[in-house]
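Two complexes are shown next, each including chain A; its partner changes from chain B in the first to chain C in the second.
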Partner chain A sequence: MIDVIVIGAGPAGLAGAISCAENGLKVTVIDEFVRPGGRLLGQLHQEPSGEWWNGIKESEHLHNEAQKQSIDIRCGVSVYNLEKDEDAWNVHTNIGTLTAPYVLVATGAAEFPIPVPGWTLPGVMSVGAAQVMTNVHRVEVGKKGIIIGANILAFAILNELQLAGINVERIVLPEKSPLSKNAGEPEVVMKSLLNAAHLAPSPILRFGSSFMKNEGFRKLGMKFFPKSGVKVNGTPLQLRKAALEILGKDQVEGVLTADIDVNGNVIKGTEKVYEADFVCIAGGLYPLAELTAVAGCPFKYVPELGGHVPHHSEKMETPLEGLFVAGNITGIESGKIAMAQGTTAGISIAKHAGKGSTDINEKLEQAMKNVHTVRQNAAIQFNPEVANGRRKIYELWDVFYGKEQDTLQEIG
Partner chain B sequence: MNRIIDHPVLGKLDDRKKIPFTFEGKEYEALENETIAAALLANDVRTLRVHEESGTPRGFYCNIGHCMECRVNVNGQANVRACLTVVKENMVVEKGKQHPNIVKRMVENR
Partner chain C sequence: MNNKEALVICRCEEVTYGQVFATAKEHKCTSRELKLRTRAGMGFCGGRTCRVMVDRIIESIVPNTEEGDIPLKYQPPIRPVTFGTVGENHE
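And then the complex of A and B:
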């Protein structure tokens, strides 16, 4: 008999599983990937303190902790349905149906694709795919690459590719279109980069160029942004250039670009082809929440959190009894916050299950506080407004479910 | 492509057992616990399938199981994600193939 099924062996899922087990629950963790760690595996950056955040080591650490708690971790398991049958949840997977009264959905995030013409050619990949190939599998994605899309994730991974000796020739924007939206508008991109610049993980990533730091230049905005771009750790960031098409017959051979005005409109006659054997598309992350939708969770669109998120409380409960969430499914933030949320979810589940010691309420309060502390000290912030987004969803919870919960507690 | 043997922070790539497998009838070597997508890329193979309808080439896109672009045939089983499947000894891997679409071909050949 399993007490808790955790879907996703990333930072949130593993931390959640560990805290469930510490409080006396029997836990099974399932994950599609070949090894535990989730998106944490690929992460590698220097903290402001100078120390390296090595996702592989962090994953191994969590995995070891989980093993010490006798948590059953199964990799290569895909979930295709999640439904409740009277008082237990059925998790339908490729190895059969697993059943438990509690489920923690920690499926993390997925990347927004930006369909640039030619993007189906072999050699075109999401920027996260290049990260996994480089840091996890240790296989070179190519000899000469171009990143399409300029955001925090793109810069973090650019840095990782450079560390591994992978040559990224330039970063350009996608052509403005109904699909690329703001990602194709230089002024909007510049603004969001400046907002996030001080939150970038390592000193060299803080867009160190004088151009970005100079207040005067900032005010002048995109009009005077150099055509050749500004260098980000040696790679030109060309905010006034857009990728019109990825070229190649059987695989990527180059990218057709053109200069764009401050609003992202193509300037005719400026087309230029750059050779490349790989292209990374960086569209940013969104919460991967389909399973909670299948389970019947209501959703709220919160742009600060990266998209549609299932209704949930700060205690990581969803409106569905026995169903909990943690990590990027609740909003795009760093792995450290995912872990802190996972711990909160685990304690919360233990409390619902009537497990844990007498100080379980205190522990839960502490875990929730810790999420805030970790957020305040976070090196990577994907959205500067994330705290506002969090507040929105918790306020929504109070309005919709707060009273009901209080009544239940009083009865209980 | 080459494997990233030396990494300034992650260190040296472990010596791992070599696992023989075939792709489209040709013999290749993966490293132990390597996915099909990684092993093929390390052997300079980017095209994992052709589009069922158009026949145009496809490789991996997301590399973590979300996008379904890398589906290959493994030991006769179709639509297996190359990015999530570890190479096993003597595994027979084939490209996802173009489907006949007889009606379309008839129209084209008119």
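And then the complex of A and C:
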């Protein structure tokens, strides 16, 4: 008998599994990828303290902890459906159906695609794919690259590509269209980068602080933004240039660009081709919540959290009995937050299952507090308003489900 | 067809931006209807790449739709599986 099935062996899933097991529950973790760690496997950056965050080491540490707790981890397993009968959840996978009274969904995030003409050519990839190829598979993605899309994720991965000795020639914006939305508007992009600048972990992200946060100055700054771009750790960030088309016969050979005005409109006659043998499209991240959707969980659209998130409490419960969530499925944040949320979810599950010692409530409070502490100390914020987004979803929970939970506690 | 119109939105079913855009403009419909009319999102991957774009095209064309209230429904299987797997044949 399995007590808990954890879907996703990333930072949230592994931390959740460990805290379930520590409280006496029998846990199985499943993951689509061939090895545990999730997006931790791709991460490598220097913290403001000067310390290096090595995601592979972090994932090994979690994996070792999980093994010590005799947690069953199965990799290369895909979940294609999640549904409940009277008293147990059925997790349908490519190796059969697993059943348990509790499920923790920690499926993380997915990347927004931004279609650009020519994006089906070999050599075009999402920026996250370039990260995985570089830091996980140790495959050189190319000799000369261009990143389309300027956001925190793109900068973090640019840094990692540079550390691996891979040459990224420039960062440009996607052409403004209904598909790229704000990602094609220089002023909006600049604003989002400015908001992140004060939290930037390294000088590469702090370039923006040289601009004023005042809207007028920002507009002026964008108007006179140098054509050659601003150097981000050696790579020019060209906020006034858009990618119109990726060129090549059998594979990527270059990118057709044009200058754009502050609002993202193409300036005719400024077309220019840059050579490249790989192109990374950086559209940003959104919570990957499809499994909670098929399970029947209600959703709320919270832009600060990256998109649609399943209704959930600060204790990581969903409105569906026995179904819990943790990590980026609840909103786009760092791996450290995901771990802290995973720990909270694990304790929460143990509490619901009537496990753990007499101090389980204290432990849960402590774990929830820890999530806040980690957030306050975070180096990178994907969205500067993330704390507001969190507050919105917890308030919604209190309005919709708060009373019910209180009653349950009284009865329990 | 210019390059932008020929831009492939749904790789599985090879549906272009031009096709999806024109259909959305003509019918001013829901994401689901746009999917059924063009087959964008109905291929092997289950719309994992293009559903966001199908939503965004609707958002840009149909008045009073916002990103927050137009997502396509999710239904199983959310990953490609064989008939054998769904039929509980795990040999």
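Definition applied: the second predicted complex is superposed on the first by the 397 of 412 C-alpha atoms of A that agree within 3 Å, B and C clash if a C-alpha of one lies under 4 Å from a C-alpha of the other, contacts with A are read in each partner's own complex, and residues count from 1 in each chain.
The rule we apply is simple: a residue touches a chain if its C-beta (ideal position, glycine included) is under 8 Å from a C-beta of that chain, and two chains touch if they have at least 3 such contacts.
Every value quoted in this text rests on a predicted model; they were computed, and no experiment measured them.
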{"item": "Partner chain(s) touched by A:H92 [first = chain B, second = chain C, both, neither]", "value": "second"}
{"item": "Chain B versus chain C as contact partner of A:T120, first or second or both or neither", "value": "both"}
{"item": "Partner chain in contact with A:S78 - chain B first, chain C second, else both or neither", "value": "both"}
{"item": "First, second, both or neither for A:A387, with chain B first and chain C second", "value": "neither"}
{"item": "Partner chain in contact with A:A293 - chain B first, chain C second, else both or neither", "value": "second"}
{"item": "Partner chain in contact with A:L163 - chain B first, chain C second, else both or neither", "value": "first"}
{"item": "Which of chain B and chain C A:H308 touches, first, second, both or neither", "value": "second"}
{"item": "Partner chain in contact with A:A353 - chain B first, chain C second, else both or neither", "value": "neither"}
{"item": "Chain C-contacting residues of chain A that also contact chain B", "value": "32, 78, 110, 113, 120"}
{"item": "In the complex, chain A residues that touch chain C", "value": "32, 78-81, 83, 92, 94-97, 110, 112-113, 115-120, 177-179, 181, 245, 286, 290-291, 293-294, 299, 301, 303, 307-308"}
{"item": "Complex interface listing, chain B residues touching chain A", "value": "1-5, 7-10, 13, 33-35, 38, 41-42, 46-48, 51, 56-67, 69, 83-86"}
{"item": "Complex contacts: residues of chain C adjacent to chain A", "value": "3-4, 6-9, 11, 17, 48-50, 52-53, 56-57, 59-61, 67-69, 71, 73-79, 81, 85, 88, 90"}
{"item": "Chain A - residues contacting chain B, complex", "value": "32-35, 39, 44, 52, 54, 56, 76, 78, 110-111, 113, 120-126, 128-130, 132-135, 137-142, 163-165, 250-251, 288"}
